[in-house]
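Residue numbering begins at 1 within each chain, and the chains themselves are lettered A, B, C, D and E in the order written.
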Amino acid sequence: MNLTFAQIALAALPFLPLAGFAVNGLWGRRFKETTIGIVGCGSILLSFLLSVFLFMANLSGSFATVQVRLFDWIPVANGSIGFSLMADPLSLIMLLVITGVGLLIHLYSVGYMHGDAGFARFFAYLNLFIFFMLLLVLADNFLLLFAGWEGVGLCSFLLIGFWFTNESYNAAAKKAFVMNRIGDLGFLLGMFLIVFTYGSLNFDQVFTAAATAGGANNATIIAITLLLFWGACGKSAQIPLYTWLPDAMAGPTPVSALIHAATMVTAGIYLVARCHVLFSLAPFTLSVVLAVGVATALLAATIALFQTDIKKVLAYSTVSQLGYMFAALGTGAYVAGLFHVVTHAFFKALLFLGAGAVIHALHHEQDLRNMGGLRTELPFVYRIFLVGTLAISGIPVFSGFFSKDEILMNVFQHHTVAWGLLFIGALLTTFYMFRLLALAFWGEKRGHHANYVPMNTTMKLPLAVLAFLSFAGGFAGLPEFTGLNWLHHYLSPVFSDVTLHNEPHLSIGVELGLMAFTVLAIAGVIWFYASRFKHLQTRELNQLNGELPWYKKLPANKYYVDEWYNRLLVQPINRLSDFLYRVADTLIIDGLVNRIGGMVLSAGNRARKLQSGDIGIYLYVMLAGASGLFLLYVLLGS
Amino acid sequence: MRLTNRYKVVSDKKMTFAEKLYLPAIATGLGITIRHFFKQKVTISYPEVKREYAPVFRGRHVLKRDENGAERCTACGLCALACPAEAITMLAAERKRGEEQLYREEKYAEKYEINMLRCIFCGLCEEACPKEAIFLTDTHVTAEFHRDDFIYGKKQLVEPVDNRIDVSKRGKPSGRL
Amino acid sequence: MLPYIVFKLILVLVILGLTLLIATYSTYAERKIAAFMQDRLGPDRAGKFGLLQPIADAVKFFTKEDFIPAGADRVLFTLAPAIAMSTALMASVVIPFGNSLILNGMEFPLQVANLNIGVLYISGVVSIGVYGIMLGGWASNNKYSLLGSIRAASQMISYEIGMGIAMVAIIMMSGSMSLHDIVQQQAGPIWKWNIFVQPLGFIIFCTCAFAECNRTPFDLPECEQELVGGYHTEYSSMKLGLFLFAEYVNMFVSSALMSAMYFGGYNIPWIEHLNLPHNVETALGSAFFFIKIFFFIAFFMFIRWTIPRFRYDQLMHLGWRILMPLAIVNMLLTGIILLLIQ
Amino acid sequence: MEIAFYVLAVSAILSALAVVFAKSPVYSVLWLILTFFTIAGQYVLLNAQFLAAVHVIVYAGAIMVLFLFVIMLLNLNIATEPVKPVYMRAYEIVGGCVLCLTMVAAIHTSSFEFTPVNAYDNSIGTIEKLGVTLYNNYIFIFEVSSLLFLAAMIGAVILAKKGDI
Amino acid sequence: MIPLEHYLYLSIILFCIGAMGVLLRRNMIILFMCIELMLNSANLLLVALSKFHSDNSAQIFVFFVMLVSAAEVSVGLAILVMLYRNKPSTQIDLWKKLKE
């Protein structure tokens, strides 16, 4: 087997973090923190360098896609499912994001987790996560992708419950796990259906088969895509499976930044984008995706307005932004969705890490009501946070502007009502982000001490880099009309077959007008909040939950979704289980088993008398039996 | 306290890998044994070749006679007194008429016994004797089957008249012991 | 066929006689060498240089009182030395004492039986040899004897494993279990000898051979200081003689094996260049083989007076935890290298 | 050849009987060793020299030494068996004979074809052939049996060890 | 050539002697030995069949039988030694309580 260097690099990529995991996981307890950090970050750095190499090679045109088949994994009737990796522009973009942001967050964690008892465990988990994530994006078939998918779910579970002595954190981890399992069920069923329909799980084969079969909107493909989307909803926290993500904030902040903002939750987007051939064949599913995306974006944004936990705000913000991405996918604008994935990875990681810096500095204080006035105290973090806020709000030149604008533009083209809702969502985004900024950094100090934990360079450096990326990342996808949309150009080979949109593009004038309108509205929101923030803050801080009017109380309590879930799903199941336990299990099954057992027991009690323990008699009987058998043979056999 | 210069300090230090292999040590050991293989042998083929005794060797006793063949011993008992092992007993008797040829003095030892199992061949009897009657020779006390036979009487001790034992060449240790 | 059978019979008798002769004179050699190493002369009374000493010993053994202790099991007590002696003698059957002689156009190999499982046969016979010692010790009805025989049994079983695995490496090299083939494979230049290919194997084999023969430093079954005489404490006269004799026969067989398996047997390096007549070459080879055997017998004796006895736990430690792993490593290495060479 | 077979067979049967009826366990062991030797002789006659050698090494060289070892270690040379009533012994001997007879009769009346199936291949018992078969067809069993050995080894050590492990 | 039946009869006889020994004797060590005897009769038959069928698989089975019996003996004797420590006798009847 002659491997090109690119293939070797590809094969090595995911296994470097795995090696890091093995080393830290097995011997981490004996290592010093420095060693653990070097092992953890070093393995990611190496895979980042390999990713960059692959990316450059791809850019320079030395290959379009690169594939390597490591070994036959599961032999099946026709051919076998290979443990094979594949990198195309889509994977490469994800690869860069995962390893790049992952590297920064690893670096940050060295400072953030300093002194924690589970330092080695933390880095081992993080490395394992990166391994599975790389497996996910590099898989060239559904099964391997599913392996990575489950793996990241596992790591997410482990890391949410990282401080496993806290019972509620464990509950959060369990919740995330169960929610993900519900989503996985859809994915799994989708896979079964794919195998059943196309007889393969290999991406190429499936897509080719689907494309040649044609027949848009037939029931099978709608079922497949809906099931896959169901899986994506679970992983990417969309309605109705979004409730685990805010709870997942129980994990350490770098985890929230890496897994629950930048990478894992975008796996759903990746899945849909990867299967765009299928989705493009099912416009009905796409409209479902759009609807779910818009609804999630708006709903999460309203909830985010009323959260008091700094990480919860960011968590709902993430859910909301993921909704944007799905909305983009729902209109068939896969590139726009992915663009937002990238920029979101930058600024949301930045925001989370910034929040982490605040939490770190304030001795693990997460409640916004106990912050305030940190602008002068933590100027570096403030600046960082400001960049992130501006980026997510969509202020021009910052990265969020370009990506969100592209989404809005595409949605406008497709569905005006959806655009209107997303526009409102964008305004809400701006509002809650500035509320967050104001509560944390502006105004006066509230209830915290002045002895801040200092930040070291390993924490500052990633923040600076991410801030730069949040600022400049948008230039990768300048608006369409400029003709400089590099990302679009780069990803075009992957999405070359997207034929859904053959409507004419909006004219430059309309586009610019919309852009200006959005920007103006956002600026208006900012001006409104900035000028009146003191009043708004005092009112909010003095208002207790019970005093809120209903329209505020509802989002403040997350629309009681968890409670409804509890009442509608969990409790009935509990009651059913209880009933089944008491009647079916105890009376019928146990009764039967016990009765049979009792019979055997009494029979055994009687038969036991035969066993005297005298081996001679046993043997004699055995011998007699053997003799009898042979005698029988002699008499009958001849 | 150092008794000799050939002492060696014993230690139980950890052996190095080379020492743990043992093979070099075995080789050195073989070297030593093979060297001895070709060394001058120290064995003497006894009955044919006899080793010279030292001049001060002290073997079995002899009771000397004088030039005329008369016993020199007068049974004075000084030897028995000097004997640290109390191996010597004697019985004195008076010389009868006509026995002048046999005994030099008027008193003689009627019985003179040395218990060779007790004797330590120190030679103090020889030193003590005023009459130069008892000497230790360079012959050995031979092995016997019975304990009684080790009590030498005059029969064994007194030198035969016709086979005098020459003790003149026997060296004396310088100074008293 | 008939001359062949006659030749075999003669060969058997000659080898039996030679074995016994060599074993007999080994006792003499042992005493002489021991004496020399201790700066003594050793036996020199019977005959010239004491050369008749073994005969005198034999006469003494035969004329001594044959004593059987009261509590002893008479049958086994008598049987044991015979077993020890006969198993010791049996091993020499497969040893190739030389290449074949060609007389009258017929080829007569100088080996009693060229079994294709020669090496296995040897280990089989060696493993039976322990019965003589065990039964002897047990039948004596003496605690010391029993201890000695139990020690002997565990020692011999333990060292058989290392020895067997060391031999496996040789078998892998030659691809045959026949000793004749193993020797033939070492013909030619001197570096074809297995000692240069299997130095580790030789050290293991040699050590195990010492233990199997109950020779110092592994003579715990009969260590005089602890167990009086070990398994032969109660024996006297020729029964004792057989036990002692068996030990020397074992030594002879071990030496023959060592020289056959590791030192080229009857091969003289580069002799094929001399273009000697076949029979002359065979004769020279046999002589050379015996020289090697004598060398190893002497080596056995040198070792005896060089190395002190091991302690029992050290013995077991050496056998199980050093020699056996080493032998396995040696075998694995041999296998890997053979695989790579192919 | 045939004489050898019958001599070996008769001595095998006699020594096997001696194993059963010997008074002292030590003698039982010795008779059993003799039986094994006769069986090894049968192997040689059946052209399975390698198996014969292995049989001697394993059974005579290892297993029986172990038996002897245990007997000596526990000092079991005195037969301490309860005397069974005569009728019981008779029952047992008759039982064994009946089993034997029925089996022989079964063989005798059966219609098995006992003629050689294939043309006899002389190289069947050689080490090379055995090795090829062992390492091609039975490699899995071979490996599993090594596990069995390991388990037996550990078990024996643990059982024989005094006190707590 | 000796007919196969003779090997069959020989191994049956040996087997039955072993079985009889198991019945007759109460000494655990001798029981063990009788079991070995029975195993060996089976081995003998296998080798004979291997020759008559010209198939060496049977000889491989003999290997495995030897192997299993070696393992069995080592564990069995270890158990025996352990039992002997508890009750200094090798009579099998004394261990009737093992049935529980």
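Quick note on the criterion: a contact is a pair of C-beta atoms (placed from the backbone, for glycine too) under 8 Å apart; a residue touches a chain by one contact, two chains touch by 3 or more.
All values derive from a computational prediction rather than experimental measurement.
Participant: Show which chains lie in contact with chain B and also with chain D.
Facilitator: In this structure, the chains that contact chain D and also chain B are C.
Participant: Among the chains here, which has the CA centroid at the largest distance from chain D's centroid?
Facilitator: Using the mean of the C-alpha atoms as each chain's centre, the farthest one from chain D is B.
Participant: Farthest chain from chain C, comparing Cα centres?
Facilitator: Relative to chain C, the chain whose C-alpha centre sits farthest away is A.
Participant: When all chain pairs are ranked by how many C-beta pairs they have in contact, which pair ranks first?
Facilitator: D-E
Participant: Need the CA-centroid distance for the pair chain A / chain E, whole Å please.
Facilitator: Computed from C-alpha means, the inter-chain centre distance equals 64 Å.
Participant: When the C-alpha atoms of chain C and chain D are each averaged to a single point, how far apart are the two points in Å?
Facilitator: Once rounded, the distance between the two centres reads 29 Å.
Participant: Just give me the whole-number Å value for how far the CA centre of chain A lies from that of chain D.
Facilitator: From the centre of chain A to the centre of chain D is 66 Å.
Participant: In whole angstrom, what separates the CA-based centres of chain B and chain C?
Facilitator: Here the centre of chain C sits 50 Å away from the centre of chain B.
Participant: Out of chain D, which residues touch more than one other chain, so two or more?
Facilitator: Residues 54, 62, 73, 92, 95-96, 99, 103.
Participant: Which pairs of chains touch each other?
Facilitator: All touching pairs, sorted by chain label, are A-D, A-E, B-C, C-D, D-E.
Participant: Which bits of chain A are touching chain D when the two form their complex?
Facilitator: 616, 620, 623-624, 626-627, 630-631, 633-634, 637-638
Participant: Which residues, counting only chain C, touch chain B once they are in their complex?
Facilitator: Residue list for chain C touching chain B: 33, 35-41, 44, 203, 302-303, 305-307.
Participant: Can you check the complex and tell me which residues of chain D touch chain A?
Facilitator: Spelled out, the residues of chain D in touch with chain A are 91-92, 95-96, 98-99, 102-103, 105-106, 109-111.
Participant: For chain D, which residues count as touching chain C in their complex?
Facilitator: Touch list, chain D to chain C: 26, 30, 33, 49-50, 53-54, 56-57, 60-62, 65, 68-69, 72-73, 77, 126-127.
Participant: In their shared complex, at which residues does chain E touch chain D?
Facilitator: So the residues of chain E touching chain D come out as 1-10, 12-21, 23-27, 29-30, 32-34, 36-37, 40, 43-44, 47-48, 50-57, 59-60, 62-64, 66-75, 77-82, 84-85, 89-91, 93.
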